[in-house]
Amino acid sequence: MSTATEVQVNVRPLADRVLIEPAPAEEKTAFGIIIPDTAKEKPQRGTVIAVGPGKTDEPITVKVGDTVLYGKYSGTELSVDGKDCLIMRESDIYAVIG
Amino acid sequence: MSTATEVQVNVRPLADRVLIEPAPAEEKTAFGIIIPDTAKEKPQRGTVIAVGPGKTDEPITVKVGDTVLYGKYSGTELSVDGKDCLIMRESDIYAVIG
Amino acid sequence: MSTATEVQVNVRPLADRVLIEPAPAEEKTAFGIIIPDTAKEKPQRGTVIAVGPGKTDEPITVKVGDTVLYGKYSGTELSVDGKDCLIMRESDIYAVIG
Amino acid sequence: MSTATEVQVNVRPLADRVLIEPAPAEEKTAFGIIIPDTAKEKPQRGTVIAVGPGKTDEPITVKVGDTVLYGKYSGTELSVDGKDCLIMRESDIYAVIG
Amino acid sequence: MSTATEVQVNVRPLADRVLIEPAPAEEKTAFGIIIPDTAKEKPQRGTVIAVGPGKTDEPITVKVGDTVLYGKYSGTELSVDGKDCLIMRESDIYAVIG
Amino acid sequence: MSTATEVQVNVRPLADRVLIEPAPAEEKTAFGIIIPDTAKEKPQRGTVIAVGPGKTDEPITVKVGDTVLYGKYSGTELSVDGKDCLIMRESDIYAVIG
Amino acid sequence: MSTATEVQVNVRPLADRVLIEPAPAEEKTAFGIIIPDTAKEKPQRGTVIAVGPGKTDEPITVKVGDTVLYGKYSGTELSVDGKDCLIMRESDIYAVIG
C-alpha cells in the first residue's frame, strides 16, 4: 500500500472544485490528440485525482481517474505529496478524453 | 472501421460544450452561403463532432453531424487525431445550416 | 419552385436568434416610417427570414415575414444564397412594424 | 379617419419596450411640472403611443395615452409617420403624470 | 382645497420608484440627526410624496409622508408644482426617521 | 428615561440595512481582539443600534445590541442625537463578537 | 480551562463566512503538501476556528478544526486573543486537507 496514495485522497476539494494532476508535456498523446502550437489559447491535459461534492444545482460530472482538457491559465497550483497539482472549478474543464 | 473515428468519439465535452471541426475556408459553400468580406465580425462554419450532456435547464440542441455557424473568435483550439478542432459553448453557435 | 427559397429555410437559428434580411436603405418607407438623421443611434429595418426555437422561459415572439426594427450595430453578418443577412438575438429587435 | 393614426398602431414594440412621442420642449407644463435647469440629469416628458406585451414576469404597467417622464438619454429615436418618436424599455420610464 | 396638493398626487412613480421632496438644508434636524461634515458620502433627508406599486417580489415599504434618508447623489431631479423633487428607486433609500 | 434613547429607535433602516455606532478606537478590546496594523484592510468594531426588516429571502441575523465587525470603508455616515453612526447593508458585516 | 479558547468561540461569523487561523509558514507540511514557489497564485493553509450559519441555499460545508487551503489574497485580517486570523467567505476556500 502506497503512503503517497493515502495522502492524495486526503485533499477534499470544496463545492464544484476538482484536483488535477497535469500530464507531462508531450507533443502527441496516447489518444492521438495534439495540442496545436498557435496564437489561440491552448488547452492542457491532466488526470482528475479528487472532486468536490458539487453544488446543489450543479452535480460534478467528472470522476477520479478521468483524463480532462482544461484552459492553460485555469486553476491554482498546489503540490500534493511531491506532485504539482492544480485545483480548479469544474466549469474550467472543457472535456473528458479517452 | 476507421481508427480515426474511434479516437474522435473519445472526446466527451462537458456541460454545454460542443466539439467542432471547422470547414476548410471556401468562398461559396454547398448551401449557397457566402461569408461576406466586410468590417463586421464574420461567422465561421464547421461540423459538430461531439456534444456535451447539456445543463439541467439548457439541453443541447445541436447534434453530431450538424453543420453550424459560429463566431470568428469563439472556442478553444485542440487537435483531435491530427485534425484541428474547436471546443466552445453551444451559446457561441449562431445557427445550424443545411 | 425557387431554389433560393429552399436554401433560405435551411438556416435554422439556435435558441433566441433570428435571421433577418435588411431592407434596402430608403428615406421614406411604405409605412411612413423615416429613420431620422440625428446624432442618436438609428434603428434599422429588415424582414425576418428564420427564427430559433426560443429559450425555455423566453419563447420567440417574432415570426418569419415580420418587418422589424433593430439596432444599427446589432447582429452578425452572413450571406444566404447571395443575400446579405444578419443573425441576432430577438432581444436586439425593438419592434415589429406594418 | 386619420391615416396617420392607422400608421402609428402599426408599430408593435417587443417585450418590455414602449413607443413614446416626446412632448415639445416647454418650460411650464399643463400639470405644473417644470424640468429644472440644473447640473443633474433632467427627465423628459412624452406620450405613450404603443406598448409591448411585457415579459413573463414583468407585465407592462403604462398604457397608450399615458404622459410619462423618462431619462434624457433613454431610448432610440425613430420617426413614425413624420413624428420623431422614441422606443425604450419600460424600466427607463420614471413615472406617469397627469 | 389646495390645487398644489392635487397636482402632487398626479405623479405616479413606476415600479419601485419613490418621489421625494428634499428637506431644506439645516444643520440640526427636529429629530436630533445631524449630517456630519466629513469626507464620506453624506445622506440627505426628505419627505416621500408618492410611491410606485413596487415589483412583484419587492413590495414598497416606505409610504407617503415618511421622512427618509437617501444618498447624496441618488435620484433624478424634477419640479412638481414649483417644488424641486427627486425620483429614485426605493433601494436608494437608507432609512425612515421620526 | 433617556431622550437620547428615544431618538435612536426613531431611525428605522430599510430592507437589509443596519445602523451601527462605531466603538471608540482602542488597541486592545475587552474581548481580547486586536485589530492588527498591517497592509490588509482592517475590520472595524461597533454596536448595532437599529436593523431593517430584512428582505424576503434574506432575514436579518444581527440584532440590536450586538457587537459587530465590519469593513473599514463600509457604510454611510450619519449622526444620530450627536453620535456618529454608520448605516450599511448586513452583508457588509463580517461577524458578531462577544 | 483556557480563557483564550473561550474568547475564540465568541467570534460568530455571519452567513457564509469562516474564521481561519493561518498555519505558520513551512515548506513541507505534515500531510506532504508543499506550496510550490512559482509565478502562479499560491494557496495558503489554515485551521477553521469558527463558521457562520450559511445561507439559505448554501449550507456551510467546512467545520471547526478542518485544515483548509485558500487563496493568498483571500479574507480580512483580524486578531483574536493575540492570534492573527482571517475571516473570509467559504467560497474562497479551495479544499479541506488531512
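First chain written, first letter: the chains are A, B, C, D, E, F and G, and each begins at residue 1.
By definition in this document, contacts are C-beta pairs under 8 Å (C-beta built on N, C-alpha and C of every residue); 3 or more make two chains touch, one makes a residue touch a chain.
Note that the coordinates shown come from a computational prediction; the quantities given were computed from them, not determined experimentally.
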Fewest touching-chain hops separating chain D from chain G: 3
Computed distance of Cα centres, chain B from chain A, in Å: 24
Separation of chain C from chain G, taking each centre as the mean of its C-alpha atoms, in whole Å: 54
Interchain centroid distance [CA atoms averaged], chain B/chain D, Å: 43
Multi-partner residues of chain D (at least 2 other chains): none
Chains listed in ring sequence, where chain D comes first and chain E follows it: D, E, F, G, A, B, C
Complex contact set, residues of chain D against chain C: 4, 7, 10-15, 17, 19, 50, 52-53, 56, 76-82, 84, 87
List of chain E residues in touch with chain F within their complex: 31-36, 38, 40-43, 57-58, 61-62, 69, 71, 90-91, 93-98
